[in-house]
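Okay, so chain A shows up in both of these, paired with chain B first and chain C after.
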Partner chain A sequence: MTLRSVFARFGLIIIIVMFFSFFSYVSPVFLTFDNQVNIIEASAIVLILALGMTLVVAMGGIDLSIGIAFDFGAAFAVVALKDFGAAWYVACLIGVMGGALVGLLNAILIVGLKISPFMATLGTFFVGSSVERVFTNGGGPISYRRMPQEYRDLAVGDVFGIPTEVIIAAAVCLVYFVVLERSIFGKRIHAIGLQKDAANVAGIPVRRYMFVAFILASATCAIGGLIGSANIRMFTPLAGFSYLLDAIAAVFIGAAIHPKGRPNVIGTLVGVLFLGMIGNGLNLMGLDFNLKAALSGIILVSALALAVAQQRFR
Partner chain B sequence: MTQPMSQRLLGVFPIIVFACLFAYLGVQSTTFLSLDTLELITKQAVPTVIVSLGLATVVIAGGDDVVAGGIDLSIPATAIICAAIIADQLTNQGASLPFAMILAFGAAAIIGAINAFLVVGLRMTPLLATLSMSVAIVGITKVITSSRRIGVTDETIVFIRDGTIFGIAASVVMTTVLVLVFYHALHRTRWGMNMQATGGSRDAAEISGILTRRFVVQSFLIAAFAGWIASVFVLARGSGSSPGTEENMLLEMVLATFLGAAFSPRRVVTLWGAVLGAVVVSALSVGFISIGVNVFWTGCIKGALILLVVASASVTTKGRS
Partner chain C sequence: MTDTLLKMCDITKSFPGVLALDAVDLEVERGEIHGLVGENGAGKSTIIKVLAGVYKADGGSVDIDGETLADVTPRSVHDAGVRFIHQELHLVQHFTVTESVFMGQEEQTLLGLSARAMRAKAEAFFETALGTQLSGKTLIRDLGIAERKLVQIARALIDAKAKLVVFDEPTAPLTSGETDKLFAAIRKLKEQGIAMIYVSHYLAEITDICDRVTVLRNGQNAGRFDDVFDNSAPAMISAMVGREIDELFPTTEHSAAAPRLEIQSLCADAFNDVSLTVHRHEIVGIAGLVGSGREDLIDTIYGLKAPSSGTLKIDGIAQRFRAPSEAVAAGIALVPRDRRHDGLVLDMSVSDNVNLAALDSVSRWTLENRRASHAVATEMSETLDIRPRNIAATARLLSGGNQQKVVLGRWLNKGADIFILDEPTVGVDVGAKVEIYQHIENLAKDGVSVLVSSSDPGELIGLCDRILVMLRGKIVAEVSTTDLGVDTLVALTTGGAVQEVAV
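Presenting the complex of A and B:
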């Protein structure tokens, strides 16, 4: 095995291990069990959004409006609880449907009007964020302090000592793994992403699959919104935007680990945990807020560059 | 070749929409159709026009597939970091404007080179490369400014903000000159033709003996250069560097450049389209404020407009091919 082939195969993994060792060495707290749980817990929401993104990218698209789906999920659920006194599970359902609305708009624009996914979801982002501003009269949060404990538990509760949000994220991750990597549906989604025309010729109803996938992705992101709103007991407009780049980055880091460079569920999980570890480690080093922003940006570019370089070496 | 009437109507549809919109704004607001408003609109548009020139160049050289073709989302961040460097040098370090500008130029050159390396050297998707670069640059900007506003009172910057040349706002005159330089370079020289060929069809250009990689590299360097130039006007417009201006600029740049494509007969990104797009976006913002539309709705209107225009463009190109 030459050095080159080792890099091509394990380059990014080696970097992840190096960062892990570095943070363990620099900060005595990093390696503790509690802190490792912290990293996983902090990554739960990002993972859910990144999984939605994985589905869209695997299909050869991109979704810039996942933040809007996240916000709509939170807004619909909080309003259902607060103004309509809905039961917590009804609110969850309504929230997910609210997110699905965003996906429906995307699907109509992309599949129906044949707009490129980038422009269509950018437009959805514009329209969605404006709707949020109008709805909240300029962007003020909608807070609901006395929300039912069951709803609140989505973020702060635990089952046998495991935080609920981690369980939800793990469940979503498992479902995505089965659907995207182990089912006919998933194979066909990957086929569309690899060669859309070929998939069409092979008899896959490409348009119907794309339509469904965009709605599924947005509905998934809304689940993240539910957890987010349960955690802070309010809906904050435009909060979802901050997850966009992490989700995209995680998907592409994940694709780099895949033997054929495809977006995949396990890879996305690794990517999300890597980003979570970097954020946590930099926090523990007690760096200045601004310096931390700069460092995490530089690490992001380097990690993505490395991920892509790794694919080229194959 | 004769086209059916409906096709031809769809072709000019974006222009009709905007003509109607401006006519409506003109009727609704007594001040909208005046020279003062025109000056305000063009002055507001200046930074967006310049970064859109950069983006248009990258798209022209890289092809107009938004994900796999040429796109540079780091231009606004480049403008913001250059503005921060210049403001920091002028106000906090007491440096002269030329020195500060040279320092900022160095930063822009490094950014352009890294972008080019990522995209051409590593063959990274331009969207991903420049988006992550944008995040890194914004982070470094925070270190330079400590996330604070830095005011600038330099004479030249104030002149660009308030001064006039032959009775026209200085920033508008300078930008017009810049647009003409870009136009000449890209449309009237052999170099520009080769650049256009590269974006039109990479393979065909390659076979004709054009070193396509070199042109893509150059397009990213030019984009960074546009960011550097725009920084001066960003400083002038805001009387200093302020944190968080890049996000809005990014949206306006993408909106302007791709909106511009809808104005071109072949529905491709062009320099004139980008300039016109930037002015139209600025005019819409000013117009909606002047007739008292709730500012929270303007994002929605802009989003709906871009979707409308892009959708009509996709319908017409589908009809032709």
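Presenting the complex of A and C:
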């Protein structure tokens, strides 16, 4: 094994370790237990959205409307609590269904009308953004200070000292791992993503699977919206958009560290934590937080270049 | 009056391990349509590529208009006035006719492209040179395939410097009505004194349009016909395959039991009024050239394409498949012609590919039971002798024959009543070929109905009980394989013997 091939295989892991060591060295706070918990907690919502994205990308698509699904989840739940006095768990269910509506629209556009996922979800993103603005008379938040404590606890509560949002994200992650990496549904999703025509000839009902997957992904993103709205006790229109780029980056970083270059749940988890670490580290160093996007971009591009190099050196 | 325009002498070309052309001569006179025929691999496309300067001949000379070309390159051949109309269209869907004709040879003034002049010139060319009306403003995607072919021809000839035009299988994707349109244009070109080389598998067309014909066989000249009549086809076929034509034996035997697969007057874009039946224990072949509608027929039976009319029955029950998944549920399996694109998920392992269709049977509570799926894959790779005997190997890395066995193994594992095999041994080495034939025979012995579509006449005759011959979207003959000769089948698929055969 030459140095180049080692780097090609483990390059991204090396970069991650290097950043980790660097931040530990320059900031005394970085390595503390509390700060590590901070990173994980701040990554919870991104992870949930990135998992939904992983499902779609594994199937060979992309979903630019995950932010809308996030917002719809929050909006439906907050309105159910505030205007209809729904119980917290009913509100959660309604929120998830609100997100699923976004996925349904995507599924109809992509599977029914055969529009490419990029264009279809971009359209959904535009329409959804506009709907949110109209619904809130121009984009003002819908706040509900007196929301039930149980709902509030989705974001600020803890179980045995572990923040609830981390537990929820971990649970979603576990479910996604089983579904995408261990179940026959996941195997078929991967087959569709790798070679749609071959999957079709093998008798996999490709259209049905794609339909279900887009709805599942959006419903998952809505869970992120529930936590987000519980945290600030309001629905803020267009809040979900800020997660889109991180989610995409995390999925592709995750694919780049997979031995066969496939989008996968563990990889996405690593990608999300990595991006969280970068944001946190830059913050502690007193550097402009806005540099994070630039770094994410550079890291993503290097990760993809490395993935190409991996193919060549294998 | 003999006035030789092109003279290719003693052209020899070898590839590693193969002598593709062995001292082949080809002479074309000014203003004639010269047919070039031969079986697959006879050297037709090789000599065309030598003429085009794509391949460099090992020996021989090329004279055009009495002058020997010192160096045959795409450039020098083009300058000498030779143009090629390739089989593929290579047209941009969203361009207009004018843009397509002038692509790469646009006319411009200081003020930019002279769009109006180009359009007028293109339309005038269609009118006078090809004898057809075509608006320069029409988009390519709105044209029929015959018209696109005319655009392709116009693009090659618009500079009015062409002396010799080479047509490579120009009618393969066309219906018979469209073919007439193209022929009208070709005859019009001939009137203008342009010579043509016409390469085709369709002997009926060759006898229809060509003045003289050169026949190649195994990279050698196998004959030249200086007078081509409508009934020259049998003589050409015997020159092509090197034997005389056998008698034809129409089939009479049919099993008394009800057919398993029954298709009645099925129609779609690429084929018309196709009816066929396949019984239990029976292997039925479909023969036909590329473009005969064979491929679309298979796709339609399997639910990949929708028929426009007609019925498909399985065990007497009418079915309508909207997707392959429904065909699979009804007990059909397809081994597709393009195994790398449609057959395998190349980046998945052998095990995953073998189990892809029957994942339900190796799972518990919808989770994959890897021990069970690996056991199935191991058993299949033993049964089919898939090498390397490593079920974790990525399918992409296997040889063609072993990849085909993986596809076959998937359906053996799934268990289907009707097996459809499309070009089952293309790109498969001889050893694996024999094994695959053996497995197909075994399937039929076990009561499975098998439908084999192939462009290899020898394969069909060796494997099948009877063969349906498709030509231009229609079934033109049904023959029993008992005493059926390869040349007879070739005659049927090329349309060279249609007149004599009672359909």
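Points worth noting:
Quick note on the criterion: the second predicted complex is superposed on the first by the 287 of 314 C-alpha atoms of A that agree within 3 Å, B and C clash if a C-alpha of one lies under 4 Å from a C-alpha of the other, contacts with A are read in each partner's own complex, and residues count from 1 in each chain.
What we mean here is this: contacts are C-beta pairs under 8 Å (C-beta built on N, C-alpha and C of every residue); 3 or more make two chains touch, one makes a residue touch a chain.
This one's a predicted model, so the numbers in the text were calculated from it and none came from an experiment.
Number of chain A residues touched is higher for B, counting chain B against chain C. When the two structures are aligned on the shared chain, A:A198 is found in touch with chain C, with no touch to chain B. In the superposition on chain A, A:L273 makes contact with neither chain B nor chain C.
In the superposition on chain A, A:V156 makes contact with neither chain B nor chain C.
Touch criterion met: A:V178 reaches chain C, while chain B stays clear of it.
By the touch criterion stated above, A:L291 is placed in contact with chain B alone, chain C being left untouched.
When the two structures are aligned on the shared chain, A:K260 is found in touch with chain C, with no touch to chain B.
In the superposition on chain A, A:V37 makes contact with neither chain B nor chain C.
No residue of chain A lies at the contact with chain B in one complex and also at the contact with chain C in the other.
The touching residues of chain C, when paired with chain A in their complex, are 302, 304, 323-325, 327-329, 334, 336, 341-348, 352, 356-357, 359-360, 363, 366-368, 394, 410, 414.
Across the interface of their complex, chain B is touched by residues 62, 109, 113-120, 122-131, 133-134, 137-138, 245, 248-249, 252, 289-291, 293-298, 300-301, 304-305, 308-309, 312 of chain A.
Of all residues in chain A, those touching chain C in their complex are 178, 182-185, 187-188, 190-191, 194-195, 197-208, 260, 262.
Across the complex, chain A is touched by residues 65-67, 114, 118, 122-125, 127-129, 131-133, 135-140, 142-143, 146-147, 251, 254-255, 258, 294, 296-304, 306-307, 310-311, 314-315, 318 of chain B.
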